[in-house]
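Chain lettering (A, B, C and D) follows the sequence in which the chains are written, and residue indices restart at 1 in each chain.
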């Protein structure tokens, strides 16, 4: 065991121990699917007659994804190795546990690994005559979009996607309706991040990148993927300006529109800084005559102990979307 | 401005900007009392005819205390300078905003500063004929208790105290009943922490203490007050053993009793580690034939960006207490 | 005799001492406290300065009360109510006597009552008390009082959480109280 | 001709290469990926080793399918489904022919289909493809193929998020695929 300054035991046991700790701490919300690191909603009754919603991905993004299991949000979630997509057999187990005869909707973040593993799981489930539809979330605007590449990554906006489809499913939406909802909303959700330090994968034992004591990096991904620019640390006001300008380029912020905002801590960033960032953000939005109609601030899609913040803006082009965001849920982390 | 790697603007503006960001992000829960850094519940109706509950302290412990404002929990909270007790005039403003003619109950953490400032505020409020009772929370068992000293510090157990008196007040408990409830419960709540790194107060610009890359410290306080022992980093299992042994010495854990458990991240510790810690904790409690009947894991009483975990165990000697813990609330952070 | 003139000059000098020693006071507060005493006092003295600047031809009581209110509403922490109480007690007393020793004794009583500390608890009381007891305040009295806190075991305030390990460090509140009295000495000398 | 004996020896050698180069593979994955490729492959090969150990007198198809299932269910990430698919396609094909070149071609088709990458996208395909096309696999063919990924701009996988900045780094999946074929070469030489 390398000396990593973390509260863990053997690095290779982090995921099973973490999943075990989570399900035993919160039996009212979720339980483990035997022989897997997948978790399913405890409240089976709330799932009856509804389309199942399954998400997941590599571990290290806690409270994502299992923290969003519960009535009104996810039916099940799969925890892969740290920063590594879960395997198809585990995703398949989560699908089976979620299916109530109405099919299962998959929320997948756009990474080669996630896409392929979920795809293989879908093939397995379809052999069982379980109907499957899915959305591939690609909200990270730090990356150039292109048909010829993998395209953009899925990051914190994924949590808003969980909320949308979870609320709609709970209200009885069909698999096709969920697919339409997800596809319609997706292009309106944009995220961009800034990092002050990188995460250390327990088994790797050293950080994904190293920033000097006074350096920050814009546009990093949630697995310490490099971003688009490194600079000296700036004031919160200036960080907000940079990130908001990127969002504006993408979403063309308009005072006539309604917006939801998610300020997301990456893991080691205290709420103090997230609230200061929010203050500057709301000031700068106000200067554009925009006042978000929905806002959340906190750690939702983290990157282990990375320090930094991501900003997600969601243009609520359809009235229903705000209702879905406000729909009550019973989860650990929403 | 010293270079501190934080997402802030001028260090001396952290508190007002943070409070502003918080209240604007969450207007449905709380609003600022003009000219202060105190916040009061937005849902005035939920306060009618009930005893008000006021807490607060230095900033840097977010989501404490304002994150617990809302129906079923706090009426108002006061945010002092970072790690510095708020001033009496601000506490007084929070008391006035919370009083509905039934009196106001103060939850105070046991620090010289908090005790004295709340005391002065109480004097001010009593001049207005507002009835005041209070509890001084001192759950940190790292410190030797003694009649001749300041005694023990108030730390994460304070959040459980908020929950208890908040739930009871919402159900119509009188000021005297709240005082009795708080006094009865207090000796049954014990907390102990371990730190991997210290917090940096923005205006100070350097950490409260320095631990080597492979060092941890047991028993630190939530303002980087030194603890009782420094050691090389241990496995999560061994950290749990150390902390649980301290708790056991204090509470005399008994399989016949019911316990609530709060695993609290200090700010920079990812949920991953908190869940692994919980796994080991539940294993070791199980070895003592104890299975908590209530548990929460997350960042509740932080110390800016300190890395570490505190463990709070609450012996539920009275049946009502579990009901109060489970009583529904409408807050940002519970 | 404390006069309005002396008091204003005294606060001006105290302000500058706090400004110069802000980081040092916070450093003293680090090993046995939470590292904010310098910032706390600086915030308080900014408040005192601004508060006094607004007063027009004030009498002594008004000045002392104004200082107290600024300290109480700006400092927070442990030192805010204690320093605030000290000046509030002086304000209350100054109608009866302007004798500096009598006023300091009134302040000391207030501090002790507010904080519950007594001599030897390793707090600001250990500077206020020798100064209150002496016939003539000298720098030596002040310095000895400050130095005496080094070997004490803290029984009040944050430092008390350290038990034995609080020994060997000066008490920050004692040091800032020392500045207060040195500022007073210098004021008396300069007028 | 791929035999059960060759396959088992091949996997044994591949296991050791992954074990020796685990940290190196993860290091390669750090500047242009997420730093886990070595750990992923190691976990997969542990699975393969354990899976094969449980088989009793297996035929070639059973062996290849077992390898595929271990990789699919143990690796995760991008490399898991890709390596898994490669061996699954070989398992499907081996009833028809045991010619190594034909099997590698079948595997390559599977990898391309699963991941959507083509030659020049800076992925493992850039090693699999030259190896599939050559008449005789040599260390030089493998090394050149690996080296060719250095100057490519990534268009698939995590490295593609870097755009231009992916240039100048070897692709970790290409390097691990190189170990796979070197292990095959060494196996053929040793038997």
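Going forward, contacts are C-beta pairs under 8 Å (C-beta built on N, C-alpha and C of every residue); 3 or more make two chains touch, one makes a residue touch a chain.
For clarity, every value in this text was computed on a predicted model and none was experimentally measured.
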item	value
Chain C reached from chain A - shortest hop count over touching chains	2
Whole-Å gap separating chain A and chain D, where each centre is the average of the chain's CA atoms	30
Chain centre separation (chain B, chain D; CA means) in Å	53
Centre distance in Å when chain C and chain D are each reduced to the mean of their C-alpha atoms	74
Two or more partner chains touched - positions in chain C	none
Multi-chain contact sites of chain A, meaning residues that touch two or more partners	82
In contact (per the touch rule at the top): chain pairs	A-B, A-D, B-C
Residue ranges of chain A touching chain D (in the complex, touch as defined)	58, 80-90, 111-113, 116-117, 119-120, 142-144, 148-150, 153, 201, 203-204, 208-209, 221, 223-226
Complex interface listing, chain D residues touching chain A	26, 30-31, 33-36, 39-40, 43, 72-82, 84, 114-115, 154-158, 160-163, 165
Of chain A, residues touching chain B in the complex	3, 5-9, 14, 17-22, 24-26, 59-60, 62-63, 67, 82, 194, 196-197, 213-214, 233, 235-237, 239, 263, 267-282, 295-297, 299, 302, 304-305, 307, 309
